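Letters A, B, C and D name the chains as they come in the text, with residue numbers starting at 1 for each one.
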Amino acid sequence: MKLGIYGLGRMGANMARRLSRGGIEVVAHNRSAGPIDELVAEEANITAAYDLEQFIAALPAPRIVWLMLPAGAVTGEAIEQILPKLSPGDLLIDGGNSFYQDTLARAVQVQEAEVHYMDVGTSGGVWGLKNGYSLMVGGSKEAFALIEPAIRVLAPSADHGWGHVGPVGSGHYVKMVHNGIEYGMMQALAEGLAVLRAKKAFDLDLAQITELWRDGSVVQSWLLDLTAEALAAQGQELQHIAPVVADSGEGRWTAKEAIDLGVSAPVMTLALQMRFASQDAEGYGNRLLSLMRNAFGGHAITRK
Amino acid sequence: MKLGIYGLGRMGANMARRLSRGGIEVVAHNRSAGPIDELVAEEANITAAYDLEQFIAALPAPRIVWLMLPAGAVTGEAIEQILPKLSPGDLLIDGGNSFYQDTLARAVQVQEAEVHYMDVGTSGGVWGLKNGYSLMVGGSKEAFALIEPAIRVLAPSADHGWGHVGPVGSGHYVKMVHNGIEYGMMQALAEGLAVLRAKKAFDLDLAQITELWRDGSVVQSWLLDLTAEALAAQGQELQHIAPVVADSGEGRWTAKEAIDLGVSAPVMTLALQMRFASQDAEGYGNRLLSLMRNAFGGHAITRK
Amino acid sequence: MKLGIYGLGRMGANMARRLSRGGIEVVAHNRSAGPIDELVAEEANITAAYDLEQFIAALPAPRIVWLMLPAGAVTGEAIEQILPKLSPGDLLIDGGNSFYQDTLARAVQVQEAEVHYMDVGTSGGVWGLKNGYSLMVGGSKEAFALIEPAIRVLAPSADHGWGHVGPVGSGHYVKMVHNGIEYGMMQALAEGLAVLRAKKAFDLDLAQITELWRDGSVVQSWLLDLTAEALAAQGQELQHIAPVVADSGEGRWTAKEAIDLGVSAPVMTLALQMRFASQDAEGYGNRLLSLMRNAFGGHAITRK
Amino acid sequence: MKLGIYGLGRMGANMARRLSRGGIEVVAHNRSAGPIDELVAEEANITAAYDLEQFIAALPAPRIVWLMLPAGAVTGEAIEQILPKLSPGDLLIDGGNSFYQDTLARAVQVQEAEVHYMDVGTSGGVWGLKNGYSLMVGGSKEAFALIEPAIRVLAPSADHGWGHVGPVGSGHYVKMVHNGIEYGMMQALAEGLAVLRAKKAFDLDLAQITELWRDGSVVQSWLLDLTAEALAAQGQELQHIAPVVADSGEGRWTAKEAIDLGVSAPVMTLALQMRFASQDAEGYGNRLLSLMRNAFGGHAITRK
């Protein structure tokens, strides 16, 4: 089996490596040549394609093109460029973190050219190369059959950790909600550990506690595993880490999607909103609250 | 009518003034003499009591002693000192912000001495002297009859803005929940204005908007009135105000009480928790979240 | 001054009445004739227009057409129909609850025809006819000058309760956020009263408490006024009211807008989400939680 | 090693079994005889004690008494009864779900009798017998040395899944917070799955999705494992499960403790509050909201 990967960032490059090591031939393309050269030097089953013409020409029919590009305009533009070069029956896959409604719109466009379109939501972060990727695949059965061997190689095992979850768009949708759950779980864990640490009277060792919870407790989870290991390695003071938490598209989309569906999802949403609060150096709402307290109660306003 | 006020902080002193101006005779006591002297110099119907003996001796039977002291130990100790000096049939009032369960416990103790005990939850802040205080009174009918004339003077009007809401403890209880509602309303208003301000494209004038809402809108409220006036006076940048919001006992007690009752009160509780977040300069929970993101996704940790 | 109102639902009809009574001539149009006839029979300054041709023909140049139609497709279609009949310099106003991004898109379309476009966010509900409407106006200065006399009549007073808050779109935007604040304030008040009621030991009278808070307390507000009056009129058991709370577009839009802006607005959002929970008769998420509790702890699952 | 267990409910009986199977001799006591007889019939290393005298007499000095009783009065009364029968140097352990402040108070009382006191927070539910229990132990080093062999047997493995986390009280404290985190994680997972299910267009199979997430995804967790298995076994409709979620002491205590510490823990708290909402068949707060909507906007109140 042979397929093309376009986009050799951290995710794309490691997925190419895992495919290569699993016996899948990969044609690797990227805007800049560096990551291509690096991969080709490393891996036996990877060949280089320095421009789109070369990339498409190197793929056997039906061509399988897997995009691993930043969501939004970059992915959209790549589809515009590649689609005219594909033939009916080829397969175009968006493996990035696209918003599922963008995916639905692009599917219409791609399918008008009689090209198959699939979306693969991918989780696994920096651990995917070694442990395999969690893969949530959306698309038709026919298209899925074309890509199934590669999915089984990318996944943690041939029979587990992946799923063809539904029609086009559903892969990105399931991945989006996965991240919403992730936000909520992370926030719950962080809040609990912050309470433990604030209880100075007990002088608790968070590395010890998170480590012991890894076996037998109800909160056993990969997030707990990673937290325990990081606390053991770095100590629990974390004075070198800024108290500012970034957020990405999926968390926002999940919160908004729940609102659109009229589903109450307060914990996933609040986990996002606490990240917003962490990012808000100005604290305008809080200034307003102090202003009000001063206005009705004469409470002092702490001047900066 | 004559009564004694013990505790001449901002609230106690202004309540003494309002009583005096309404024709009620007040014996004023305070730990330090300064506030006593100031009141006596100002007001015709206020006389001084520099120690507890003098204070009690100056009151006609049945004596009415109104405490306006900080909640907690200070109020508890004052009751310990005064109770032995009172006689059966006297009335002891806690007009401070005591936790209602403390009030219930103290009522048992006071009533064992055959002294009436009442609690008066008081709202109105710095505006009470001029506009009158909102008064939520707990206690027996008999005790209430003793104090009713003073209540009618302290209130915004003789017939409105006060209530004998139930037995001992209920006054502080109703005031406690009042403050919980206040927290939620304030937070809602602050959040909305923060959204308006963040919409840079419209370059909105928050003083104008809050002012126009004061008439005819659904969010008409005293908090809105004060906010509109403060924004008009100070401008909307608020760069001189620290984004740190203090909280007081009532907000915490309301949130915990709702949990004890098994009543879902997420908005009142969250308004409190956002104040906690504003006070949290360290942001330990947020550091943990960044630690986790780095551990699973390789996301950069912003070093301070 | 003469203007046309298209859409004689509760809001549109009452606004026409208030304009008429304030000396503004109104041409009234509606899809069905009934509401037109009713208004014309009642009000001296209102004339009927039974179709769009008649409606437009009855208006002097520059024509002022005020739409009071349901947000979404109905408003959009009305604009499609009316725009070709208007001339450069005319003014088209959307006084409904349109989403501000729809308003921005329509403004482009309308202004291409050299017709002015304005949006007026309107609050005041069933009380507007008597007390005046809170009006948040978006549009150009030139357009605003055309409509200002009518705004002053519709508002609670000529000088207060209205504002030209910014460019096209800002009127709907400010109204949207107004409703978000309203949701939060309502939820805070409802939670507090639910706590008071759950405290059976005090047997509190919510009509009394809400009434007393109306004067002197920090939570004084129109929502409190209405709640106090309704509780006094109906009793506090409310057994005749279903515990299901509807939501409308503005609350959802505000929550999503805050997410798009990256502004933490948890209380406004949660007030919406609690409404969703009230609407959720199935409770699927809760079934899942019971399933999990059973799976790890053997806790009984209550069978229906 | 020999120790006594008092309280043979689900947790206590299974812990006795695991100890017996691990070679620890157990004297088993319970208020009713049935569970004692059952255990003795099953397990080689368990002997019966039908009253407290027999129970204490059967234990070698220093005696180790492990209570597995319902938190609150039951545990408190058992300590009152047993303490006079113990001798200096004996060890009394509370392995139930006591509130840590009760534990601190009892520790003072027990230690006055020169008896060691320890608290062991225990997680693991119905799976503990087979997989081992997660054990969070609070107490002195001296006391811990007495019990360490039994801890190693009860835990998932001799070297993992348990910890001596700090002084008396800390074991229950860490367990309490563990449950707070558990609530938050569960709620996040339930919300996410509810969103997936509400997206009817994709017709998603929740058993498939939760199963695939178990390998490689960021939300890998024991709660996910159990959910996947339960959904596979029972189908995803869950029509046989009532949408009402019970809560227990630890979730409430964690939320209140965070408030006492001034730590913002909104997700753990909200997970609890959503359970309260699920339990609230009356929905009084929601009735109030409908009342308000009717009062200001004339919105229909759905009559039941």
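Simple rule for what comes next: a residue touches a chain if its C-beta (ideal position, glycine included) is under 8 Å from a C-beta of that chain, and two chains touch if they have at least 3 such contacts.
Owing to the predicted nature of the structure, the values given are computational and were not obtained by experimental measurement.
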item	value
Same vs different contact residues, chain A with chain B, by half of numbers used	same
Interface with more contacting C-beta pairs, comparing A-C to A-D	A-D
From chain B, the most remote chain by mean C-alpha position	A
Distance between chain centroids, defined by C-alpha means - chain B, chain C (Å)	34
Length of the line joining the C-alpha centres of chain A and chain B, rounded to whole Å	48
Centre-to-centre distance between chain C and chain A (centres being mean Cα positions), rounded to whole Å	39
Distance from the mean Cα position of chain D to that of chain A, given in whole angstrom	34
Overlap residues in chain B, where contacts from two or more other chains coincide	125, 187, 189, 191, 194, 198, 218, 222-223, 262-266, 270, 274, 277, 285, 296
Touching residues (chain side chain C, partner chain D) in the complex	10, 125-127, 186-187, 189-191, 193-194, 197-198, 222-223, 226-227, 229-231, 234, 238-246, 266, 270, 274-275, 277-278, 282-299, 301-304
Touching residues (chain side chain D, partner chain B) in the complex	218, 247, 252, 255-256, 259-260, 262-266, 269-270, 272-274, 276-277, 279-280, 285, 296-297
Parts of chain A lying in touch with chain D, wherever the complex brings them together	123-125, 128, 131-136, 138, 155-157, 160-163, 165-167, 169-170, 173-174, 177-185, 187-189, 191-192, 194-196, 198-199, 202-205, 208-209, 211-224, 254, 257-258, 261-268, 270-271, 274
